[in-house]
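Presented sequentially are two complexes of chain A, the first with chain B as partner and the second with chain C.
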Partner chain A sequence: MAEYKIDDHVDITDVVCPVTFVKAKIAIEELETGQILSVHMNGGEPVQNVPRSMKEEGHKVLKLNKNDDGTFDLIVEKGEE
Partner chain B sequence: MAVDYAALKKGGFMRQKQKNCFSLRLKVVGGHLTAKQLGAISDVADKFGNGYVHLTSRQGVEIPFIKLDDIDKVKAALAAGDCEPGVCGPRVRTVTSCQGKEICPSGCIDTYALAQELSERFFAKDLPHKFKFGVTGCQNNCLKAEENDIGIKGGIKVKWIADKCINCGVCESICRTRAVTSEDGKIVLDESKCNYCGRCTKACPADAWENSEGYILSFGGLFGNRIHKGEEIVPIIHDKTTLFRVIDAAVEFFERNANSGERFRLTIERIGEEEFKRVIWEAYNG
Partner chain C sequence: MAFSNEQIERYSRHIILKEVGVKGQKKLLNSSVLIIGAGGLGAPAAMYLAAAGVGTIGIADADEVDLSNLQRQIIHSTNDVGKAKVLSAKETMEAINPDVKVNTYRTFVASDNIMDLIKDYDFIIDGTDNFPAKFLINDACVMAKKPFSHAGIIRFQGQLMTYVPGEGPCYRCVFKDPPPKDAVPTCKQAGVIGAMGGVIGSLQAMEAVKYLLGAGDLLVGYLLTYDALKMEFRKIKLPKKVKSCAVCGEHPTVTELIDYEQAECDGVL
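This part shows the complex of A and B:
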């Protein structure tokens, strides 16, 4: 997606809840405030929970893009430390 | 002296095949037992039973092999541990519930609080036949609401808040009934498709939905000799006054019309679905 400049990617399709969020959380902690992470995830449970959890951690969810293979990419901007 | 088995059954003492032995059913609401209660149950099972309990299909606890002669001692020991005997026979049975929104991330309503209210109002009420209430917190239906004579399912009616929406697309992706769609940056909710599961508002990272909790009622469920899925009649109800008015009307319909030993569903069929619906709609409309 050309809409956002992605600073880093993390793939959480190889893990299941609750590790999905843990993996995404570790990835976003590596970034600086204002940088953007793309989280590659499966549909269903991760889509239900990861965006909300990101918000609760103080990050800003920008977009959820649906891919043709049924996976999703969640675009998140890192919040204040 | 002749043993009054009906009175014992009413008081939760279920006659066993084994002579003079009873399986003692306890009162449990919504599958919730304190550590203190469990301790008392454990002591009674050890001292007066065979050292084990049976967990019933409806979240109850029974202590088998209680002897007729020990009944008073058993009741006293249980009372000291905050336990009360349950009921059997033609009356309102254990009110069951899932853990609901206080514990479960999917829950839309406080099921346990509602189960307690229902139990206080109806538990052990004598009726023409057994009568079961079950409360489930959401569309996942862990508590199988429609198996019950009256089932209550929690839901959330949502309304989109344009100002807060960041157009991330999470709600559209998460909606199982395709009630939520996005058109030119606007979220459109097709209320005819919405099943009030609340997944959109729970997943929303921007709190861009206004929530209104509600109760979806089903009537006449059977899951024994005959199987029938409880049916919804009126729309989701958002206040307890209306909820209890409709429930009271349904229970009263059963009390007034049922033959002895006739389950709620069969009464509805014999009297007529249309008449039952009329009664429920009348209560719904106040």
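This part shows the complex of A and C:
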């Protein structure tokens, strides 16, 4: 993750769909265009849906890192409002 | 203002929507709507607006809940019969969503109170059941430059239109004056199918929410009619501006609010 300067983190491992995306969306709405959010999520449904929903909202998915414990970190750059 | 976890969950289906999002939901929470009439139209409108998290909702009605109301006025329950409608409505709205502040006005609107009632609200919903009130609400909203949703229901039919100051015709542009006293059957005689209030009142709530969010196109410059028996919706284009309109035209003759004489009515809406 060192290749990106992360502006904010949000942990969505404690919630389930659709609140996973809602929490991520709330976090990215707080940022400015071009800033970068890291989203910590569980494998399975969130990994399938949250990156796709982020793209649909006009944000740029930079990277999805898999962690050793089975969780993922999604790196997203905020798009134009 | 940050959302609590409970709010995130409560409004999740809104926040997911691109047209709403966090900003839109906050807008709704900071908005206010006045619903005039806690009857067939006002009931679903009030419930949806409360559920949506419109932060301040005013409700005006002088009546008490009657057993004959319950076939369509779904905000009231059997236990509420005899209770002031505004109180019964407030209890239901607060039970749906404690985020909402409900202001009750136990009165019918008239020329001497309406300007004061509407002045602090962002949007007005006309859920009344009689022509004098409909013309009064229209004229007051034109004069106070307030957007509002007009609607009316009878039998298996309903209609609505939205007025936004400066953007389209008002109710009086289209309907000019109240009809002669016996031209339209009284509500009591005519009857109304219960779900009609649900269809049209929900559309009024939708118009209010869209206005507050600034999303999509409003029903300005159109009259939408619904015939349930034919299962037909018609969207009728209205003139953009009626120069001869007595209240919003070039030479208005209605410069003060009018209390038209009210026909005997059981309050079907």
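We take it that the second predicted complex is superposed on the first by the 81 of 81 C-alpha atoms of A that agree within 3 Å, B and C clash if a C-alpha of one lies under 4 Å from a C-alpha of the other, contacts with A are read in each partner's own complex, and residues count from 1 in each chain.
Keep this in mind: contacts are C-beta pairs under 8 Å (C-beta built on N, C-alpha and C of every residue); 3 or more make two chains touch, one makes a residue touch a chain.
Source: prediction; values computed, not measured.
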| item | value |
| --- | --- |
| Contacts of A:54 with chain B and chain C, given as first, second, both or neither | first |
| First, second, both or neither for A:43, with chain B first and chain C second | first |
| Partner chain in contact with A:18 - chain B first, chain C second, else both or neither | second |
| Comparison of chain B and chain C by chain A residues contacted | B |
| Chain B versus chain C as contact partner of A:6, first or second or both or neither | neither |
| Which of chain B and chain C A:31 touches, first, second, both or neither | neither |
| Partner chain(s) touched by A:66 [first = chain B, second = chain C, both, neither] | first |
| Of chain A, residues touching chain B in the complex | 43, 47-49, 51-52, 54-55, 60-66, 72 |
| Complex interface listing, chain C residues touching chain A | 3, 8-9, 12-13, 15-16, 18, 21-23 |
| Residues on chain A engaged by chain C in the complex (per definition of touch) | 18-19, 21-23, 25-26, 29, 53, 57 |
| Chain A-touching residues of chain B, taken from the complex the two chains share | 105, 166-170, 173-174, 199, 202-206 |
